[in-house]
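Paired with chain B in one complex and with chain C in the other, chain A is shared by the two complexes that follow.
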Partner chain A sequence: MLTLAQIMAVFLKDVRSELRTRYALNALLMFVVTTVAIILFALRGDQPGSTVLAGMFWVSVFFTAMSGLSRSFVSEEERGTTMTLQLIASSTTVYFGKLLFNAVLTLVLVAGVTVVYLIVFPAFEITGMGVFLLTVFLGSLGLASAATIIAAIIAKAGSRGTLYPVLSFPILIVPLMTVMGATVKSLEGVPFSDATVDFVVLISYFMVMTAGSVLLFDYVWKD
Partner chain B sequence: MRSIVLRAERVSKNFNRRNVFRDISFVLSPGDSLAVTGKNGSGKSTLVKILAGLLAPTNGLVAFESAGTTLNQDEIRPLLGFVSPYLQLYDEFSAVEILNIVARIRSSGAHDPTRRRTLMEQFNLWGRKDDAVRTYSSGMKQRLKYVLALEHSPAILLLDEPTSNLDEDGISAVRSVVAGYGKSGVLVVATNDAVEAAWCSRELKVGI
Partner chain C sequence: MSAVKYGSIILVSFVIIAGIAIPLVPSPQNWLEFPVIPGLEEKARNIFFHVPTAWTTVLAFLVSMVYGFRYLRTRNPDYDQKSVISAGLGLMFCILATVTGALWAKFNWGSYWNWDPRQTSIFILLLIYGAYFSLRSAIELEEKKAALSAVYAIVAGLTVPFFIFIMPRMMTGLHPGAQGDSSGGGPLFQSGMMAGNMRVLFYVSLLGFNLLYVWLFTLRLRIARIEDRQLLSRHTEQ
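== the complex of A and B ==
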């Protein structure tokens, strides 16, 4: 029987392992810094409008996520600990534990990118804070839900580095377009009610992606 | 220790088009022990992995029964102990941390501190329990795998190359564990060592 305690145990294992090895955190940090630096050089002091800023924000988040979110499963394969985890945990426990880890990691990533953007781009003014916070929260959940199942799929493949963003992008187009639109609304101070449709799309995406992943994961996880 | 019957019916395994073994059948009741023997590449480890639920058979069935009822995978998992040279550990953690993590994932944290200490002393790991596993030798890692496999008193113990990387003391500890399982649990040992095969009351030759 699936228990929350077992899911949390998988989650906490990954958190403690990450804090000791800093495998994904270092990759994420370097990618954020590098991405923002390149954008700054390209802009040469120009301040883009809210639409471009929102797009750049989520491009930074997407590619940074692609550099780090696959670690939850790839590290198990690379270290050979997949079999150990299969022995002690049900596939559903593993899935939800890893999903929770990726969701938290994505939230940390988005928080980091937000701070950097606030510092580096004066035009990145969050006028609608409620819309922005809910957008990044739901967007992070959607990103994590897709990233987790794709990470499980590519973990046993060769050329994982290339395969991960290639497989992720088509699946993430819908939530990416939605969060970009909602982020524009938050930067322009649009009323909360005007972003409700975006939130419904993001919640629905997360639920559908998670439900599909739960059904599929057992076949992906086991030989 | 719960009484479990392990039943294998016409189990076969193919990898792509290569058949590893076919039509393997046996029934093991509490107190039974089975040595799986055969040449290198004959499928001994593959069969043990199938019994542990790590691989699916191509054909056939593996079932675990308790009081006439077939158990599902979630019910079987806490009843299995598995030791193998290719089982890897999280080497950034200490032995105690790994045992705690496994106990939490396997059974929401329940474990017997006395049993843990007894096992770690039996396998000569108590003095290194707080050291990171990355500092362990291969033999020490193999000993830790035994502690992991035995701490929850599994009804079924699956050993693949049981004395791999072990010194005489380690082999002696394994022998005493095996002797205990010969009385009340189900034991399966995959080996190409005649001494290890002799620990078991029955033998299954794979790949012939």
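== the complex of A and C ==
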């Protein structure tokens, strides 16, 4: 049975266990601060243009997400709760619960990175607010959809952390390139209609990735 | 199977010889002369080697995906073996396509690599193959290795249409079939600049490289099966 209530139950369980330890949130926050600090050291006071800023913004998001999103399944394996979860919920429910959790985590992360960039870089001025918000929202969904199935694969494979970015990058390059382009558009303040193509690509990517993951998740989740 | 073997050897040798040896003349009179294409000249010969290898790369990837899918459905290790073999061959053809493309780009566009959308796509395909084999080497248990790598191949395959069909047409690029090139087939096909005999040789090359792929595939499958049998007999002796 697949109901919204069950998905929410899995999601809330993850939120609760996350709030108990705040492991992912703390790690992500520190990762963002470290990354931006390194970028600032490297720039030595230079003020990069909007293309570079948009690129760096998503590079920060990508690597931070890679350090945090794999937790969703790895933590189940570490705590030995995989079997229990398999018993009480269907694979699809688990998948959507985890996807929701990862999407929310990515959105929180992107919000954090945005605040940091707004403070640190004067040139990071969002002129097209609508374009920016939709880009960030759809980008996070796309990132989370691919990251969730890869996290499930990683959790079952022996090596945990190292492979995650290696496996994710080729799959995430389509949304990454699209959001980078769309973010440049939002910084330069182009009209909303000019960014529609990017949104269509992001939406279709999210749909394709989620549909594929739902169909394949069972093979990964159940040994 | 010997038809595939000799067919691929003969066709690919023929394409190599004919593709390099047939002279380019301004106005071809007979079948053994190619027309000179302005702006491409001798570099046009790359189409007989670059396009078929790129095509075979994608074909090998698809075959690997299909066998991965069949493995997940049946859990028959034979399908997993076929999936890996096809991925290995795909990696080889992918490297060949990248190298022929980069060499051609050097002489036609001025640099080996300039992140044209098509170059980006083939780079991602290389990364996917690399990630696929790193994932396989990371897992010890055979069934787990087969199932997880099959899932990864399929997930990666889902993104392939995006960067083969969507991204190159969204972004401006130099490669035939980029934005502004409405037919998608490239300037050679589009404006009829590719003469009839060139077109025949191109299709012969396509067939030759596909046969080469099939031959190498069966060859490696046989080797893998012999190795499995040896492993099995060694175990039974002990």
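Descriptive notes on the structure:
Please note the rule applied: the second predicted complex is superposed on the first by the 223 of 223 C-alpha atoms of A that agree within 3 Å, B and C clash if a C-alpha of one lies under 4 Å from a C-alpha of the other, contacts with A are read in each partner's own complex, and residues count from 1 in each chain.
The rule is short, and it goes like this: a contact is a pair of C-beta atoms (placed from the backbone, for glycine too) under 8 Å apart; a residue touches a chain by one contact, two chains touch by 3 or more.
Note that the structure is predicted; figures quoted are calculated from it, not measured.
When both complexes are superposed on chain A, chain B and chain C end up sitting side by side without clashing. Of the two partner chains placed by superposition, A:41 touches none, neither chain B nor chain C. By the document's definition of touching, of the two partners only chain B reaches A:87; chain C does not. Legend: residue contacts after superposition of the two complexes on their common chain; A:223 is shown touching both chain B and chain C. Contacts of A:10 after superposition on the shared chain: chain B is touched, whereas chain C is not. Computed from Cα centres after superposition, the angle at chain A between chain B and chain C reads 100 degrees (steps of 10).
Of the two partner chains placed by the overlay, only chain C lies in contact with A:146; chain B stays clear of it.
Of the two partner chains, chain B is the only one touched by A:20; chain C is not.
Aligning both complexes on chain A leaves chain B and chain C separated at their closest CA atoms by 6 Å. Overlap of the chain B and chain C interfaces on chain A: residues 223.
Put simply, chain B touches chain A in their complex at residues 52-56, 73-74, 77, 80, 82, 86-93, 97, 101-102, 104-106, 108-109. The part of chain A that touches chain C in the complex is made up of residues 146, 149-150, 153, 156-159, 163, 166-167, 169-171, 173-174, 177, 197, 201, 205, 208-209, 212-213, 216, 219-220, 223. Across the complex, chain A meets chain B through its residues 1, 3, 5-6, 9-10, 12-13, 16-17, 20-21, 79-81, 83-90, 93, 222-223.
For chain C in complex with chain A, the touching residues are 72, 120, 124, 127-128, 130-131, 134-135, 138-140, 144, 147-148, 150-152, 154-156, 158-159, 162-163, 166-167, 170.
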